[in-house]
Amino acid sequence: MSEDQLYFFYDLFQYLINGICQGSIYALIALGYTMVYGIIKLINFAHGEFYMIGAFTGYFCIRGGIPLYFAFPIAMLVPGIIAVLIEKIAYKPIRHAGRIPALITALGVSFFFQYFGQNVLGADPKAFPEVYEETIYNLGEAVSISSTQIIIIVTTLVLMLFLRWLVMSTKVGKAMRATSFNKDASELMGIDTDKIISFTFFIGASMAGAAGVLVGIYYNTVEPMMGLIPGLKAFIAAVLGGIGIIPGAVLGGLVLGVVENLVVGFWESTYRDAVSFGILILILLVKPTGILGTKTKEKV
Amino acid sequence: MTFKTILSLLFLLPHIAFGAKADAKDIMLGAVFPMTGPIATYGQESVNGMKLALKRINLKGIRGKKVQLIVEDNKGEPVESANAVRKLISVDDVYAILGSVASSNTLAGAPIAQSAKVPMLTPASTNEEVTKMGKYLSRTCFTDAFQGEVMAKFAYNSLNKKHAAIIVDLSSDYSKGLARIFKKRFKAMGGTIIPQDFSYNQKDTDFRTLLRKVKRKKPDIIFLPGYYQEVGLILKQARQIGMVMPFIGGDGWHSDSLLKLAGKKGIKNNYYSSHFSPDDTDPAVQNFVKEYVAAYGSKPGAMAALGYDGLMVMADALKRATSLNREALQKAIASTQNFKGVTGMITLDKMRNARKGAVVLETTEQGNIFKEKISP
Amino acid sequence: MEYLAHLTLNCGIFIILAVSLNLINGMAGQFSLGHAGFWAIGAYTGAAFSVFSPLPIPDWMNLFIGCGIGGISASIAGILIGIPCLRLRGDYLAIATLGFSEIIRLLIVNMDVVGGPRGFTNIPKWANLGWVYLWVVITILFISNLMKGTHGRAIISIREDEIAAESIGINTFKYKLMAFVIGSGFAGVAGALFAYSQQFIHPNGFNFLWSVIILLMIILGGLGSITGAVIGAVILTLLPEVLRLMGETISQWRMVIYSLLLIMLMLWRPQGLFGKKELNLSALLGRKKS
């Protein structure tokens, strides 16, 4: 193998690592999207803002001297609670009005948090405090992975397995699945669907909050508008994997992260967002149910 | 006519209500700056500088009158800038307008000022196009072309680097302009530039893959003409993946946040060109720094100094103008010669661009260190 | 005086935008979140015509040709985007159109001929109050007449029940596309007029935020009502200036106020100020329960 070919593989490998790392972030946000969509068929446009709230909670906690292992759960809790409140105040009253009014409300909530944040916290990006000394591990001569990257990938895996366990093997999970399958029937079976929906929002938003803190550490910056683009990307990831399916969100996130990094690596960063939106439109046209989805017929 | 009076009364009402005295005898000047939004720090700093200048000007007054400055927020957006300029001209009837910072904002307001024949002086917009909009547009800072040239000279002569890569912020014309000039000058001096285009967009946060591509080409210096938001992250991520060569850039780097964003490892061994250094030993500069610290509690940055100089040049022109009207004022601004400002000796050339030197600063953990002064 | 005239002119441009988006969102029930994209296409093609190859004829003729070019380019984009996207259902369509409008903006940023990130300068001032409001009248007459005819009924039937409409033999895709293309075409015209009155356009002036603001206009006025769209456009164009008068702090909270307005409208008055009134169809179709 010539040196160029060898380096091609080194590069490819490095881009894959970077991509999986970025994809893990998308996956964490996409999990919330997919769960909420699965249960009340709402594209929660404001989901990216829970990620922003999580990041800022982490930022203020760590700056206030709270160690990371406490700050992390707090940063998951706060967006979770806010999400539950938002659900009660804004989404629940219009749950029966159809999808479009719900989407418009979600849009309003999203803008509210972005601009409220901008006015209260300032629009300029804040530097996330350094929480630990980062170490770089070199794999071979030209590929490296940092401790933060490992933490991100491991955290995502752990949280995904936890969710999988929660949904598939607990009573709450069973109730969630039942509500998602048929809300009215589950109510008749004695499930408090309102509670289950709140719980879903809570879990989804805390996943996004976790992603927010990880991103704060990884990229070292937080700002009020940070949720918009990752929110959209996570939506693409959720659709790509099959919206409503938990492993689908993770798969979609990872695929999107890797594709984006390959585009930047072997092509141009300018095309990255265009390619992502292209993927969304392609998947919606070719297989709207996503990679892992099965076909369902719309009821008349 | 009566309608117009009612209208202007309507608009003046809030000013009265909020305590701003609109004395007809005062000289009214307008200012359009981003006081809110993503680049608000630039605007606020500029206005701080201008307020200091205003205080000094009003000690003696001009032509027996006091100067009033009406500050309008453009939120850092072009459309809002155009609206603000329109409002200042038709409602407040100002003699001249100072502003803005981002070139795209200034360019949005420029045609309106030009067609209304109101002098518009930008203290900080470096894009070439700005003063090409018409004779009523002028500036008291240097242009992108000059900055690109300064950094090419600095990289080649002072740092003795011959093989450069350029990473451009594609969503900013400022960045593209600097890159173009740097490339031309650096090559003309005998350096080589890696032909591949490296680029990113504003608001990007993950540069690891991009930097990896750059690293593989083994440049010995990297020209990074961007804004501090992304530059900080790029510096940090570059050092993380083991890129040790110096990064150099333009005045977009200027911010207190740069160190925080880049981290201790990231900040070392980088240089950028700027308009002003508070470490300049010139007594006029030191005097300004002292006054600024007394008023605001922190050292002035480049934007504060530029804002200060902008208003001082305007005041100087108001004094020299043959009579107190906009046309005479425009002529007076355009003929500014050897005005001693805190950002250097300001002389406006034929295109109403200031010709003055730039300073090169080294970024360190302890703050910026004054490296050298490069004259045109 | 010029300031007031300018605001009135802006109102006119936003009326065209709101009425045209209302055709897509309110009449045909196809939820588009990408109106700013078509607006941008119209503005940039119209501006390119005026800067690079204005014809040696009076300005007002050039203005009409420019608006035509803007409108036609935006409609062509509407066809290209509509054909794949309109197969999608409600909320998916919203995200897909949002994606496309962002792609359009990114393309403009990367086009150096039209200024790229610097913005497009030196556009002649061809538009004035009279011409803009002539276009406002054309837009309103065209769309309200369209809605009175067979095509209009077909378009509304899609909104009310797409599957039922299809089952009585209406080619729903054709009519969805028709509404989408006409709507984007008029957005293009508004773009050209915007360029000829502002004299400077910038890609960031057409971002997602503006799609949402135009959407808010028609929701405020009442989805499906042309009168509502007009009123909504006027209110939301003047509101920021009124807030500006009320002082810096309130003006700063503009977007927060807008977003709260959006949420509260959905909660308490989802039909907007006008509902679907003025079409006189409410008796025929029955009011939708909220």
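First chain written, first letter: the chains are A, B and C, and each begins at residue 1.
Please note the rule applied: a residue touches a chain if its C-beta (ideal position, glycine included) is under 8 Å from a C-beta of that chain, and two chains touch if they have at least 3 such contacts.
Predicted, not measured: the structure shown is a model, and the values here were computed from it.
Of the two chain pairs examined here, B-C and A-C, it is A-C that is joined by more C-beta pairs in contact. In this assembly, B is the chain whose CA centroid lies farthest from the centroid of subunit A.
Separating the centre of subunit A from that of subunit B, both taken as means of CA atoms, is a distance of 38 Å. Note on chain placement: the centre of subunit B and the centre of subunit C lie 36 Å apart, centres being C-alpha means. Per-chain CA centroids place subunit A at a distance of 32 Å from subunit C. Multi-chain contact residues of subunit C (touching two or more other chains): 110, 252.
Residue positions 36, 170 of subunit B are each in touch with at least two other chains. For subunit A, residues touching at least two other chains, in rising order: 118-119, 270, 273. Chain contact summary for the complex, subunit C toward subunit B: residues 1-4, 6, 109-110, 115-119, 121-122, 125, 198-200, 202, 204-205, 241, 244-248, 251-252. Subunit A makes touch with subunit B in their complex at residues 7, 11, 14-15, 18-19, 22, 118-119, 122-127, 130, 134, 136, 144, 146, 215, 219-221, 225-226, 229, 261, 264-265, 268-270, 273.
Note for the complex: subunit B touches subunit C at residues 3-4, 7, 11, 13-14, 18, 35-36, 73, 77-79, 82-83, 86-87, 89-91, 103-104, 107-108, 110-112, 115-116, 127, 129, 133, 170-173, 176. Against subunit A, in their complex, subunit B makes its touches with residues 36-41, 170, 197, 199-201, 203-206, 208-210, 212-213, 216, 229, 232-233, 236, 240-242, 257, 260-261, 263.
On the subunit C side of its complex with subunit A, the touching residues are 31, 84-85, 87-92, 94-96, 98-100, 102-103, 106-107, 110, 163, 208, 212, 215, 219, 252-253, 255-256, 258-263, 266-267, 270, 290.
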